[in-house]
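Here chain A shows up in two complexes: once beside chain B, once beside chain C.
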Partner chain A sequence: MVNIDTALVSIGGLNELASQGTIIHRLDPRAKLITTVMFIVTVVSFDKYAVSALLPLVLYPVVLTALGNIPPGAITRKLLIVSPFAVLIGIFNPYFDQQILMHLGGVPISGGLISFTSILLRFVLTVSAALILVAITGFEAVCLALERLKVPRAFVVQLLFLYRYLFVLVEEGLRIRRAYALRSPGSTGVALRVYGSLSGQLLLRTLNRAQRIHQAMLCRGFDGRIRLARSFQFAARDEFFVLAWGLFFLLARLYNLPVLMGVMVEGLL
Partner chain B sequence: MSHHIVEVKDLVYSYPDATPALDGVTFRITHGESVGIVGANGAGKSTLLMHLTGCLFPGAGSVYIGDHVLTRQNLAQVRGRVGMIFQDPDDQLFMPTVYDDVAFGPLNQCVPPSEIDALVAKALKTVGALHLKHRPPYKLSGGEKRRVAIATVLAMSPDILIMDEPSTGLDPRSRRQLIELLKTFEHTKIIATHDLDLVLDLCERTIILHQGKVAADGPTQEIFDDERLLLDNNLEKPLRMQGVQNDADVTLTPRAAKSGSVE
Partner chain C sequence: MHMADALISPAVGGAMWLATAGLTVYCASKLKNQADDNRVPLMGVLGAFIFAAQMINFTIPATGSSGHLGGGMILAILLGPQAAFLTMASVLTVQALFFGDGGLLALGCNIFNLGFWPCFLAYPFIYKPIAGRNPTPRRIFLGASLAAIIGLQLGAFSVVLETLASGISELPFTTFVLLMQPIHLAIGIVEALVTSAVVIFVWRARPEVLELASSGRKFGDFSLRPVLIGLVAVALVTGGILAWFASAHPDGLEWAMFRTSGKEELGPPADAIHDNLARVQEQTAFLPDYGFKSPAEPEGTAQAAEAETWPSISAGTSVSGIIGGTMVLILASCIGLILRKLSHST
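For the complex of A and B:
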């Protein structure tokens, strides 16, 4: 089982990968953000039994991790942490949808099993694309790109703060839990009846901190607008990056590329 | 240079739940002075500091920064002149990187983006933290956070520096470095703290707050010599001054260390 604190440290680690200087890292954050969104929309738009048609899209995360010098382990570990959610969504599909759609070497495969596989595949593709985006861009640059792309400022500021104070909040929570554990020897986990007051405590501390942070911001002239001293240039290579991938996603969406290749190979034989 | 003056007249403030916090506080701090504000827990130190930065407004009485009464209308100008360093640097460093944090204030002051780089570098250099420029604040040590927090304020070039417990959470060496750093600043300094040794090092004048009132206001040395006064206000002499008076205690300490009782 992955511990919540180690999990968080690894999120920070992902962000640190963003300080590299590979060709992918040097691209404009907006280009990477737009491409990632296009990718996710493409993956999600396939019909529920799509499996083989999704396979060519694996190329995108693979190419990016390779060019961006991202250790694949860093991505897969995080995929595992969130995988229970995806598994839970699809786990009952094979039970509800028992209509036989195909036979694989004589073994009948039900529609439910195929759609379950499709869900897992989509989960791996979309979540890894998002993780890779952070690893090749950095969280704050993603936020900045959102702002430049006219996403409402309040939303962007929320994201920035979420990332900044996630660690502080978790530390606060860990301290409360530790204090609880030290005075309740022999118990594993937090008893349900004290859970309420513990989380209430955390909420109050959070509110207090939020107030102090707000004051600190006001003292430094905050007027509702976060200004960041960074500028991007959307260059030709950024346009190329977006267009090339966009074209590929479109092709993969319109044609079932593996089937097409199979037909071509058969034709050659 | 009248704009470096901080003056508080008959300041009264009660919290919304009717807890009285300040009750007729009056003092005047002039250009370049360095003043320690000491007092027991709950004496009203933090509440007073909040008033000086316009985070709170007085129930009665007034706060003057320079020649002007602090009002909601001139808040923006006043905040450019008064730099507040918070007790917990985690509250003060809210941006994703040290660079962004130091640039935050100047950008709000509408400094042109082309000058920001130099300004940030200068502020970080002053506190000896230039190498931390691209680090995220949550990864810094306590001492580093404190330095960066000071840089974020310096970057706004304030005339008056206000500090709330600047030495809490610092190891002895970082604390010493902080004191040496603060000594080099020529700003008007107002330091609220329990660290009386720090006051002894940095402030020629001390104000004691007691239950929301000014219990004493005068030269630091004079105030710290008055044992009765300190005791009445839940304070005690700075450690350094205790040692001078009580020679027996001073000689005892090394012997205790040698016998291994510390471990």
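For the complex of A and C:
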């Protein structure tokens, strides 16, 4: 799980990227959400030995980061942090699947190695797509897009509230953590006996805060209905964005583009 | 560390998304009917609390390692199953979008694994009966511990089933289970201790919070609908796995026939009616022998069949694939650099 000291910087960083005004940022959030989902489904739909066929799909994150002015380092750092799960599960593949499937210049390559490479590729593609989505759209716009796409309103409201109070509570948790660290030099984590009362304190402060927020909402005329202000429209360029990428994903899925290119090159030589 | 998109197939991801979507719609409509104004900010703030609390590590005594809170049980105890499910879902969504922790397609699986089992199974059927309406620290400890451990075991087992049904990872069932379950037993014990510690603290400091939480819902109010939705999802996934295992071997009848007559199926009698009907069946059966008609093998056949009929891996295409793959990567990098230059100059 993410370290509390860097979490705020992490979330704030993506937010800052999302507030830019590039041409990608100005697209309708629904278009970007739908295209990202299409992308992930396409990547995941390949069979387990697909490696070269996946490579053309690298174009999607590359184009979006370039046009959206997103520094590649921001995405790569986060990729490295969450890689352990996929890597640890995938690393067993070469061990269990040792059937030799091809020879690369005399070196036998097992099926397990190919499928492990495929897993790594899939991981990079899908996780970067999710992170880029927030970096080019912004969390609130994604939530509003979800609501327009018929996601239950209670859930969207919950996401927006969570996002709003995340910063407040993470800061409070950070203060508690820091106070504890200052009073117990050399400790790596909170001792279990104390953790109950520390988290309990945070929880009680949370509940009090919820009470105050509710009172404030009532004072401002809250009547139980949440109203969301959303003002985006699907324009021609959004349709073009979705259709063009959709077509590309379909082509990449149906035809192994690198193999075709390689055959063409071999034919020319 | 939640399930990644890299390890699931569209079928499994889609099935779990359907289950999660169904549960979300159910919870949202149930909450609308309950019409408790105060719940809206409470859910948001508690979600943020779980998020923050997950980032504070505590040291596990006698091991020196550290762990952190999961949170499903605390949410269920304080909010009730439906609100807790939505809150847990929102926390996981933010983690997937901001930290890439858990893929977007796998989000359905993760919400199900971490939300359904604690909120709709462990809480109503384990914690509530044990803790009762007027809990004591001992009953809280017992109820929360059992609920946390069992909820986590079920969640971990779901991960095993989902990964297996997707067929991307090569881990065999027994190895994976022997890996996942003990680890999550340890995590479950830690979660049990932490959850009890926090709930007992709240019970001592502000007992009315717990009373308020449990009084809002009738004691015997076990709704079966979410449990049914969850079980249907599990059935879909296990059905997929069983079909995968089943397709390789002949069934009992064919095996018996092979033993007795040397053939797996008796040939049809050679007359006109059988011929015609057989021809009709050939035309209409779009899934002959439960597989696809085209030469490409379906995903779930045995390893030997895959090796001999899998068309793509041959010396010729692999070399072209490498050449083409390298070209594609170079091309993509060039496009990226050019676009970046262009967007900077405007």
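One rule holds for everything that comes next: the second predicted complex is superposed on the first by the 219 of 269 C-alpha atoms of A that agree within 3 Å, B and C clash if a C-alpha of one lies under 4 Å from a C-alpha of the other, contacts with A are read in each partner's own complex, and residues count from 1 in each chain.
As a working rule, a contact is a pair of C-beta atoms (placed from the backbone, for glycine too) under 8 Å apart; a residue touches a chain by one contact, two chains touch by 3 or more.
Everything numeric here is computed off the predicted structure, so don't read it as measured data.
Q: Which holds for A:134: it touches chain B only (first), chain C only (second), both, or neither?
A: A:134 sits against chain C, while chain B stays out of touch.
Q: Of the two partner chains, chain B (first) and chain C (second), which one does A:219 touch, if any: first, second, both, or neither?
A: first
Q: Which partner does A:19 reach: the first (chain B), the second (chain C), both, or neither?
A: first
Q: So, A:209: does it touch chain B (first), chain C (second), both, or neither?
A: It touches chain B and chain C both.
Q: Does chain C touch more residues of chain A than chain B does, or is it the other way round?
A: Tallying touched residues of chain A, the top partner is C.
Q: Touch test for A:161: chain B only (first), chain C only (second), both, or neither?
A: It touches chain B and chain C both.
Q: Quick check on the superposed pair: does A:231 touch chain B, chain C, both, or neither? Answer first, second, both or neither.
A: first
Q: First (chain B), second (chain C), both or neither: which does A:175 touch?
A: A:175 sits against neither chain B nor chain C.
Q: Which chain A residues lie in the overlap of the chain B contact set and the chain C contact set?
A: 139, 160-161, 163-165, 168, 209, 213, 217-218, 222, 226
Q: Residues of chain C touching chain A in their complex?
A: Touch residues, chain C against chain A: 1-10, 13, 24-25, 27-29, 31-32, 35, 37-38, 40-49, 51-61, 66, 68-69, 74, 86-87, 89-91, 93-94, 96-101, 103-105, 163, 167-172, 175, 193-194, 196-198, 200-202, 205-206, 209, 299, 303, 307, 310, 312-315, 317-325, 327-329, 332-333, 335-340, 343-344.
Q: Using the touch definition up top, name the residues of chain B that touch chain A in the complex.
A: 50, 53-55, 76, 79-80, 82-84, 86, 88, 90-92, 94-97, 99-100, 103-105, 107-109, 113, 116-117, 134, 136-139, 152-153, 156
Q: For the complex, which residues does chain A have touching chain C?
A: Result: residues 1-4, 7, 10-11, 14, 22-23, 36-37, 40-41, 43-45, 47-49, 51-53, 55-56, 58-59, 62-63, 65-67, 69, 78-79, 81-82, 84-86, 89-90, 92-93, 95-97, 99, 101-104, 112, 115, 118-120, 122-123, 126-131, 133-134, 139, 142, 151-155, 157-166, 168-170, 172-173, 176-177, 187-192, 195-200, 202-204, 206-207, 209-211, 213-214, 217-218, 222, 224, 226, 256-263, 265-266 of chain A touch chain C.
Q: Under the definition above, what is the set of chain A residues touching chain B in their complex?
A: 12, 15, 19, 139-140, 143, 160-161, 163-165, 167-168, 209, 212-213, 215-223, 226-229, 231
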